[in-house]
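Quick heads-up: structures coming right below.
Okay, so chain A shows up in both of these, paired with chain B first and chain C after.
On to the complex of A and B.
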């Protein structure tokens, strides 16, 4: 898998994931590659906005909610190597790097998002999705951060999704405040670009202050401690599952 | 009583037993708050909190707007004359911290007083509910919005999000909050209702009446019941870390007044110095019209 970085708009970069299924297989190289690309973009003083694209499997026809979680072929967590899972869910993992990113992260979702893609959408600051998009439960295999889900969708919805599992479609995700905007697929990239331009109008110092402010709020409600807990559980051999 | 003060926030009577009303009265300036008004509102809350006869406080704006925020004429200078600290050409960090705490986020500040008020607070929101108007909406117990209301924090786009975000995240959810914080979105009353920011939406011109109606209902609850419910609510907000959010906000608001603007970024602070507040605001608004109104959109394709 080779994550490509391409300019989207002034001070906005688009990171394209070529193989989203690799993320759900807990492919270490794929996870590392995306995480490192995110960190490089976050450390680039010329970038204020990072767009994650290619997270969903589009296939030949739109996926249905009932089949979405099987499209990406996720590996159940109990079958995955704990060390590999750390690359995704630990304190320096892909989800944590996305949630606490120093720059504003926009997830572009068009198709069937597997659990890891959904977890990345959860961690992103904004999610824009096409009408055909579905989101597998980020709790199924991705060990998503529950406090972050509560902060995003509110407790009752997050709890229901965690316990019930399954995929939700774009309309349900929008209703649950998991998604900011739902558009026809041909309009998606334009809307993402517009949003990136709008966010980039904020001074870089303002972006830094704002993201630190939000990160402090995360810590208060336990988002950081949840990453710590996952790390500790995986270090102990994955007893959390 | 605050009514005799020279500012534009004052207590007024209502004909409903146990219901007091605080009037924000600067309609010709969109009810933009001066620092004095912030202190007056805080004082009014203290006066009413100490009055055992009062169960409910209605906060009501005069004119068409709840508030457009801090008076731009004072936005860059409210930390210049902090008692006990030397007046310097550029305010020190401790002066900025003290001012932000004393006026807004600290234990003597407006928002702390509102969030932790022992009486039930009911807000009549109308027109522009921006910056301070948004925070009043967040921290009142019950907020009723007239249909034509709009909610947002437009200043954030110019300097960053330098206020409390904990309560905003907890109330409207993170993704929605980000629209206000990072994308300069202004929500309609319907969107504010959908997000949980306001309790209800009423027809234009009916906000005060609706707020007083709600206050009348709440005022039938026994005093001890109100005290117990408010105490439990406050205990919950503490457990949610809102108090810690206020501490962070004090720091962030001090830091945001020292930000640097890079080439190509709209320098709000320089524009204000060069051509005055009104022109700076106009230029800033012009620079951020790209995506206005596009968020919160659902296409049925």
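On to the complex of A and C.
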């Protein structure tokens, strides 16, 4: 997998994930590549906005909303290779680097998002999706953060999605506040670009300080503690992550 | 030795018929039915005790994955029974001591070991199936503490007790703020307004709205879907919710408006008390308080 970084607009970069299924396979190299690209962009003073694209498979949608069926998911975290587990759920792993990113992260979703991609959408600041997009339950993977889900979509919606399982479509995700905007597929990139430009108008210091504050607020409400608790449960070898 | 029970002889004796338990072991379901329709299923203290006892039993029953709360009659539940005797020293005794008020409220909402924690911290998936009124304690102690809320299209949900007990605890409940949003929680608590079914769905309180005639069938379908998931998965997911809520301090008990408004002296009494303090000092105020109490039949 080669993640490409393309300029999208002034002070906005687009990172394209070529093989999103690799993330659900818990492929360490693939995740590491994306994480490192994210870190490089976040540490670039010329960048204020990072767009994650290619998170979804653009094949047929795998599941319907409001069913208890689950998308063929990733390896259960407790059975995953320790290195892969640590990379995806750990403090320096892909998900936490996204949630606590120093720059604004926009997730562009166009197609069927697997659990890992849905979890990354949960961690992103914004999610824009095409009408054909579906989101598998992020709670199939350990790094999907429950407090963050509560902050994003409110408690009962998060609980219902977790307990009922299954995928939701873009319209339902929008109603649940999981997604900021739903657009026809041909209009998606344009909307993402417009949003990136809008954010990039903010002063860099303001963007940076706001992200520092977001991270601090996450810690206050338990987002960080949840990440730690999941990692601790998995490190102890338990299935109750 | 069992946990001490509160209530009078009649209310304790009535509770088993007012809170029914049906198990569908094959489906992994436990149905708790509030059965006091003539009072819109208002919860007496013994009814709450029975619900808590049932939850304790079910927590240890590996056959049960999902607990469903529902109500017989036109309404799910109108809240707590507020006209009951609750271990008072004499029947009809309405002016309580602070320790009495603390004891009552800590059993209800304000204690780590209170009724409010029983549902919130259950290891089983808890579902409320709501028709008609879901008011006051039914709103913030039953439905809001459930994992899934399924409502009929005639549902009327809210902190209706705020209208006569003052701003409700729901204003400050982190759980409610995070379930329906901060502004909606304040609106609900400070106005005592009801949410209809559509509003409950739109704000994220309810996960499904059914026509009233379909509520039972839709509830059955949804809970069977959930219970069909592998037991280990459900237990893990529920543990994850509990841990996340703990990390968020979601279920930190809040002081009930009922404590402040129902048991402590009323505003007019308080004004009268402090007016007497200004006129003749604390001694005068206490003397007046005793005189007023004597006029009320000797109650302080």
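Some points to look at:
Going forward, the second predicted complex is superposed on the first by the 217 of 241 C-alpha atoms of A that agree within 3 Å, B and C clash if a C-alpha of one lies under 4 Å from a C-alpha of the other, contacts with A are read in each partner's own complex, and residues count from 1 in each chain.
Everything below uses one rule, namely that a residue touches a chain if its C-beta (ideal position, glycine included) is under 8 Å from a C-beta of that chain, and two chains touch if they have at least 3 such contacts.
As the structure is a prediction and not an experimental result, all values here were calculated from the model.
By the touch criterion defined above, A:179 lies against chain B but remains apart from chain C after alignment on the C-alpha atoms of chain A. The larger set of touched chain A residues comes from B, when the choice is between chain B and chain C. Of the two partner chains, neither chain B nor chain C is touched by A:119.
Of the two partner chains placed by superposition, chain B and chain C are both touched by A:153.
When both complexes are overlaid on chain A, the residue A:221 reaches chain B and chain C alike. Using the contact criterion defined above for the overlaid structures, shared-chain residue A:139 touches chain C, although it does not reach chain B.
Legend: residue contacts after superposition of the two complexes on their common chain; A:127 is shown touching chain B, with no touch to chain C.
Shared-chain residue A:164: touches chain C; no touch with chain B. Applying the stated contact rule after C-alpha superposition, one finds that A:12 touches neither chain B nor chain C.
Shared contact residues of chain A with chain B and chain C: 151, 153-154, 177, 221. For chain A in complex with chain C, the residues that touch the partner chain are 67-68, 139, 145-147, 150-151, 153-157, 159-160, 162-165, 176-177, 221-222, 225-226, 229, 239-241. Taken in their complex, chain B has these residues touching chain A: 156-162, 165-166, 169-170, 172-176, 178-179, 181-184, 195, 240-241, 244-245, 248-249, 252, 255-256, 259-262, 264-267, 287-288, 290-291, 294-301.
By the touch rule above, chain A contacts chain B in their complex via residues 10, 104, 125-127, 131, 148, 151-154, 171, 174, 177-185, 187, 191, 194-195, 197-199, 201-210, 212-214, 216-217, 220-221. Remark: chain C residues 125, 147-149, 175, 178-181, 203-207, 222, 225-226, 228-229, 232, 234-241, 243-245, 247-250 touch chain A in the complex.
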